[in-house]
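In what comes next, chain A is part of two complexes: it sits with chain B in the first one and with chain C in the second one.
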Partner chain A sequence: MMRKLLMFTVLLVPLAGCYDQTEVEQQSYVIAIGLDKTDDEGTFRITFQAANPEVGSTLSSGGSQEEPRETVTLEGNDLIAAKDTANSVMTKQIALDHTKVVVVSEELARSGEFLRIIQAATRTTELRRSVQIIVSKENASDFLKNNQPLLETRPHKYYQYMLTRATQTGIIPESEIHRFFQITEGDADAFLAIYATTEQTEPKETGNEDQYIAGEIPVEGGNPTQFMGSAVFVEGKMIDILSGQETRVANILDDTMDMEALYSTFPDPKDKRYRIATNFSKDRPTDVKIEYHKNQPTKINVTIPFTIEVVGVPSLVDYSKNKENRKLLEAYIPKLAEEQANNLVKKTQEQYKTDIFYWSLYIRKYFTSIDEYEKADWNNKIYPNAEINVDYKLKQLYFGKMIDDSNLGEVRD
Partner chain B sequence: MFFKKKKQTEDPKEVPISNSLEKNTKHLKQLFSFGLNKDFSVREITARYSNKKINLFFYSSIVNSTKIHEGIIRPLLEAQGDDLTTIITLENIKESKDFGEVVDDINSGNIVLFLEDSNKAFSVNVADFQHRGIEKPENENAVKAPKEAFTESLYVNISLIRKRFHDKQLIAEAKPVGARSKLDVTVMYIKDVVNNEVLENVRERLDNLTIDNVRNIESLEQYIEDRPYSIVSSLLYTERPDRAASYLEDGYIVLLMENSSACLILPVTFWSFFHSEEDRYLRFLFGNFSRLIRFLAFLISLLISAVYVSVTNYHNEMIPPDLLLAIVSARERVPFPVVFEIMLMEVSFELIREAGLRIPNPLGPTIGIVGALIIGQAAVEANIVSPIVVIIVALSGLSSFAVANISMNYTIRLTRFIFIFSAAFFGMLTLTGAFLLWVMYLASLRSFGVPFLAPLSPNFQSNRDTIFRKMIKNEYFRPGQLKPKDMRKKG
Partner chain C sequence: MFKKESRLGAREGFAMITMMIGVKISNTTPSMFAQTGANAFWLMPLISMSVILPSVILLYYLLKRYKDKNLVELTEHILGKHVGKFVAFLLFVIFFTLLAIEGRSYTEQLKMLYFPESPTPFIFFIFFMIAFYGAKRGLETIGSTAWAFFFYIKASVILLAFLALREVIFARIFPIFGNGLVPLLTEGAKKASLFSDIFLLAMAYTAFDSTKKFRKGVFSGFAFVFLEMTFFFLLYCTIFDYNSIDKVAFPFHEITQYVNMGNFFTNIETFFMIFWLFAALIKYMIYLYLISWIFGAVFNIKEFEPLILPFAFFGIVAGMVPENAVINELVFKSNFMDMITPFLIFFPFLLWVTAKFKGDLKR
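Showing the complex of A and B:
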């Protein structure tokens, strides 16, 4: 009897065996998904961009003439169901396991329909939670078609490098789909998505290094695609665009964002024609302290410890050895930064009625239940009326390798 | 039934020795088919001391003729004395009273003397079996270790062990094995350390053997082991006398036999197969580094092919996109599924190994060329396998060589195939299941009553000499799983 039972169980294995099995080469790996609006409500234009494995691989010689990517656009009601329709054009089973980005057109994002279609991402096991959301100024399908990287021809590599580096410099936020759902379903705060475009608009004339949004940057050469700034989502609906500078400030104020050092310029306090180039680094966590009062305005104190390395003083004013000048700079930089931050905070308080810094995390401890927290209403009651004090604390100011600048008088002698 | 029948027939060897020399000679000549048996020699001598006839019987091929001449024949012809024992100058003389003993003696290289008017036979050991000299170990190489290896002579082997461990308690007990050709199995142990239960167990198993002939240690292993169908061996086979000596010291039992250039150590644990004697000769860090590498090799060899199969078939989200695309582009022109591809390469690797082992020495280099060409290049260029599979299989093959012990090596190679198949069913799920079952099986094993994974599981007081070893100065205990009589080694 035992023996028969054992045989039976052993035989069950091959009977069910190999379910789910797919050979790697029988799948097409979609790297980017594009989502657009159509005229019909409930129908979307879905774009799949799959990588061609044969391009860029030293192992094979046959694929060198082929395109590095295959981009297919079709209409459909659902992201996952559209995969099968796409197979009418694409040869292999479509796998979303390695998808890096979801590109959403600004039109769709602003319409509020975006939440409906992206909802599928939480159900399926295929799409990673670390997929980044990009909002494109034009249609997502156009964005994906026009994006022709020159060096990283393989799409996954392009997005990987592009997004990692741009996030490190802070000009775009980290906009993982997981964070999107966290913030949207948390019913507080606003979500920042990466803003990008392939269409060059009129270049902005009076822009400093990060005061642009994508499309405005006067760049010559390279790939037409620009990543700069962020799209603000409140309750799953896009309401505004932030410039690169504002995004940077938001990244600094938000402790959940990973940001390394960034280069930034400040107007020279001694000579307004020039700007001082600095390396701004925040190597200690941002400290957010919230004092919650039920019937009074809540107090939010934010302290940002940071370090400044002066990398260039084009005005050639001696800030390093002149003690007075140094003192001036030490007081001036935090003041300027605070001014920027306060402007942004004010904008969020007045315009968005909610924050983009994920500060609601720090107030949750005052509530014993979710109901209580939701009743207190961070978005409409607490945050817009809060007294917010942003304090930039300059921990270190140093002047790079060389203390002295070249003496212009002597050089021109 | 067959054996019983044999026992019942009248055995001509059981006949007692008679008083008549003539009768005895005739009987013995008949027993050994004198005349037909070319090297069976009989020499008749008239001894000077007694003026009586003495007949000498021996196999001329297995005795030392100078020794016979100088120690027996010459004294008999020339010396004067009262009695045979004072005449013969060789080490020892044994008396026997029946033909059974006489026959065994002659077979094992003794010369037997029959005296006129005496019902006793005297046998003198003049055996001189031919054997190799002491050479370097062939299979258990080491850089920093003694270079002597066992050879095919029991006496030499015992001497090699005694040379390393000077203790009066070191016992070399002989147990005759075999019904037709009797050979001694020498059981070596340290009397005041060894666990009596294990020793009794071994003795019993040796006594219970009912076969005509056990030629050597290698076949003895299969006769006395617990689970002949098991995937792991329960005795450790080694050709290094230093290894045998160190195991003896820890309370293990060593089995030796004539005709084997190795010994068997028992009881064993998983760790004995995993360790190499060189680990102990190397300094603490160096030895443990080498163990770490070997443990990695052990895992790689067991699992890498199976993991590749499961990851590519079921979990391709685990592969970084660059590698994934590289695999895909390589596999696009390969006509077989991954499992088949891996099996193809694994089997051809096994083929090369087997062929390389059996091929006559002068042809050896061809295997390298053919193997490298077929596997390394041609197969990839012909799109039969993808280059990544070649890397995987080469890695797993290479790693299997790092697990030096031959029994463990086979265990790993067989298990690898089980794992590949299990990975092909449901990916990581079944692979984890199979691995778990395999470890459970190891944990359930016992070698002569000692749990196979001890002292790790179950836990015993010991030096914790498992994956890593302690500083040699801090080793206080003998392995507790053996339950030795003397637990402390130091201090």
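Showing the complex of A and C:
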């Protein structure tokens, strides 16, 4: 009897593992969180968008008629506390482990209150550091409601693919919460967040492939959501919007951003009516050299090695075999790129008074202690007065797999 | 006496010291260092080591000279019965307190990150129960276990380092001295008890196969774990910026939650948690066993193994004293580490000077 009792007691111990038992089925996986401002300071409108894991899986194909996502908006003071309130509508325990994005309305981002609510959220272990910050032009709740992807209906896959691809092309920055905190707490540089909208504004007529910000792109069909450009955060407060092109330049100038090859067009130097289509790739790191002088302006030299593959010459000018034309193009592309970069650098120096390229990293080695470094004051003293020289170095010029274009005149003959 | 044909050789010693010190990479030690060291705290193990290394070498030299005596026997032999027992008892108190404080710290990490609903005492209880079960098997088994798991644990750590490398921005180590050279040096020296485990392992000296193997294993393990620690602290410093690093309580877990293997394998922290937990359990097995042994040696209890159970129990009770994890870490542990550092540094010198005075070292 005694032995049986002892055995029973011992067997009870492993049951302790059941304290935290939660079935996958009993959890609601929130993929996107939306944050909006209300009229009350300290109160926010919080939107949770949960994925329905049944949709799109082979197990339930045919059977399930349920929506792929559930979106709930409510008011609250804190993100985590609002989870429980949301349970008055949503059926299951809300888990934030799989959250992919935090959508912030532009209004909230510009008010500077954003830092307050997001900082509280990182205290929990639930929200990951790899969550991306998206600034939406409209209210975040509207953004999440209007976003109706047609192919990737499951929201977790949608955000994952959408953001990965758009980041690769450089039209939006990488804006992980981790990076946001490192830069904002570092208090030297500005942070770029993804800019997106579901509201089409007056389409911009004259734009080339990346000179838009979200909402201006004249697209027909597809999901109304557009991801393009970036929101500039200085000290946790949004101050400006950059176009897709400027974002690309910022991504190229910032060596801590991963960016793959991107397609871009340049005006044809021989025939201004057409634009040359190219594949721009930066396969070597951007080289940033800073010469720091205490009482003189600091010199910043940035070298960007890149390769260009010409993929289309609509003007049919022979750039591949004609040596003179090739030389012209080789000189022309870096010049144009430098012009774009210099414009952006100038804008950051004059308008933002701080850089968006995380260049403060390169000046740190001149200081031995944090005190000295902070006294030197990157964003008030050093950067706005620095002499910055951006140098694009064309390493190689390719012409695709065709040697020459067929002469349109001869074809029409 | 050395046990003939003991299963404990150089590799077991290597694995044991690596586990004991190595788990400090993954607990709150880095965040405690970061409070003063900021982005330069990766230099602190180097400072700590250079401060404590002479004492360690001296102690191990004495162990070698007196051949078949373990830490307590050595102390009693050199300092005489009464003073020796007193010093040995102090050693017991130090390591028992470390056991309780660090045990609490692990429990809090487990609770916060993986079992938020479970009550702390319960996790504590289960944790020590497993450690007790392992400790009860004896030191040879613990040593073999440490060696058997060594490669799996280190493989998981290397994988984590590899995955985390993508997030590293190397320029973050500048300004090179963080908050300044002086605070860095003083704090590094004060926290030299970071490597206190090497003193505890000296207790197991006679349980090893031979003195040569023991020294070879422990010193190579010490060198290995020092490099590993510096590398990981460097990783933390370059992933988090200087203003953020002191806000992160568990940098190791923060990184395991952050990294992913491609788009499909996200949220992989539980994988790392298993190996982390194993390493921590092995550490507590060693601690429980050796602490009971010190106690047994001080109070002339030959059969000290039955003491493991009460010490596991008292470890839980003492560990529950601090109110919460932050107080436990930043107040109790930090102060305690500062307090025991001078003792650990001067204790081998005291032994050496007395031995010299007595003329024991002349032969």
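For the reader, a short list of remarks on this structure follows.
Operating definition for what follows: the second predicted complex is superposed on the first by the 393 of 413 C-alpha atoms of A that agree within 3 Å, B and C clash if a C-alpha of one lies under 4 Å from a C-alpha of the other, contacts with A are read in each partner's own complex, and residues count from 1 in each chain.
As a convention for this text, a contact is a pair of C-beta atoms (placed from the backbone, for glycine too) under 8 Å apart; a residue touches a chain by one contact, two chains touch by 3 or more.
On a predicted model such as this, the values are computed, not experimentally measured, just so you know.
With both structures placed on the common chain, the touch criterion links A:Asp187 to chain C but leaves chain B unconnected. When the two complexes are overlaid on their common chain A, residue A:Asp97 makes contact with chain B and with chain C alike.
In the superposed model, A:Thr256 makes contact with chain C only, not with chain B. In the superposed model, A:Gln27 makes contact with chain B only, not with chain C.
When the two complexes are overlaid on their common chain A, residue A:Lys381 makes contact with neither chain B nor chain C. Looking at the shared chain after the overlay, A:Arg129 reaches chain C, while chain B stays out of its contact range.
Look at A:Thr164: by the touch rule set out above, it reaches chain C but stays clear of chain B. Of the two partner chains placed by the overlay, neither chain B nor chain C lies in contact with A:Lys289.
In the superposition on chain A, A:Phe367 makes contact with chain C only, not with chain B. Overlap of the chain B and chain C contact sets on chain A: residues 13, 19-20, 97-98, 128, 160. On the chain B side of its complex with chain A, the touching residues are 312-314, 316-317, 319, 321-322, 324-334, 337-338, 386-387, 424-427, 430. Chain A contributes residues 13-14, 17-25, 27, 29, 31, 51, 53-54, 56-57, 59-60, 62-63, 95, 97-98, 128, 154, 156-157, 160 to its touches with chain B in the complex. Here chain C touches chain A in the complex through residues 38-39, 112-119, 122-123, 126, 129, 167, 169, 171-172, 174-181, 240-244, 247, 253-254, 257-258, 260, 263, 266-267, going by the rule given at the top.
For chain A in complex with chain C, the residues that touch the partner chain are 13, 16, 19-20, 97-98, 125, 128-130, 160, 164, 178, 181-183, 185-187, 256, 358, 361-362, 364-365, 367-373.
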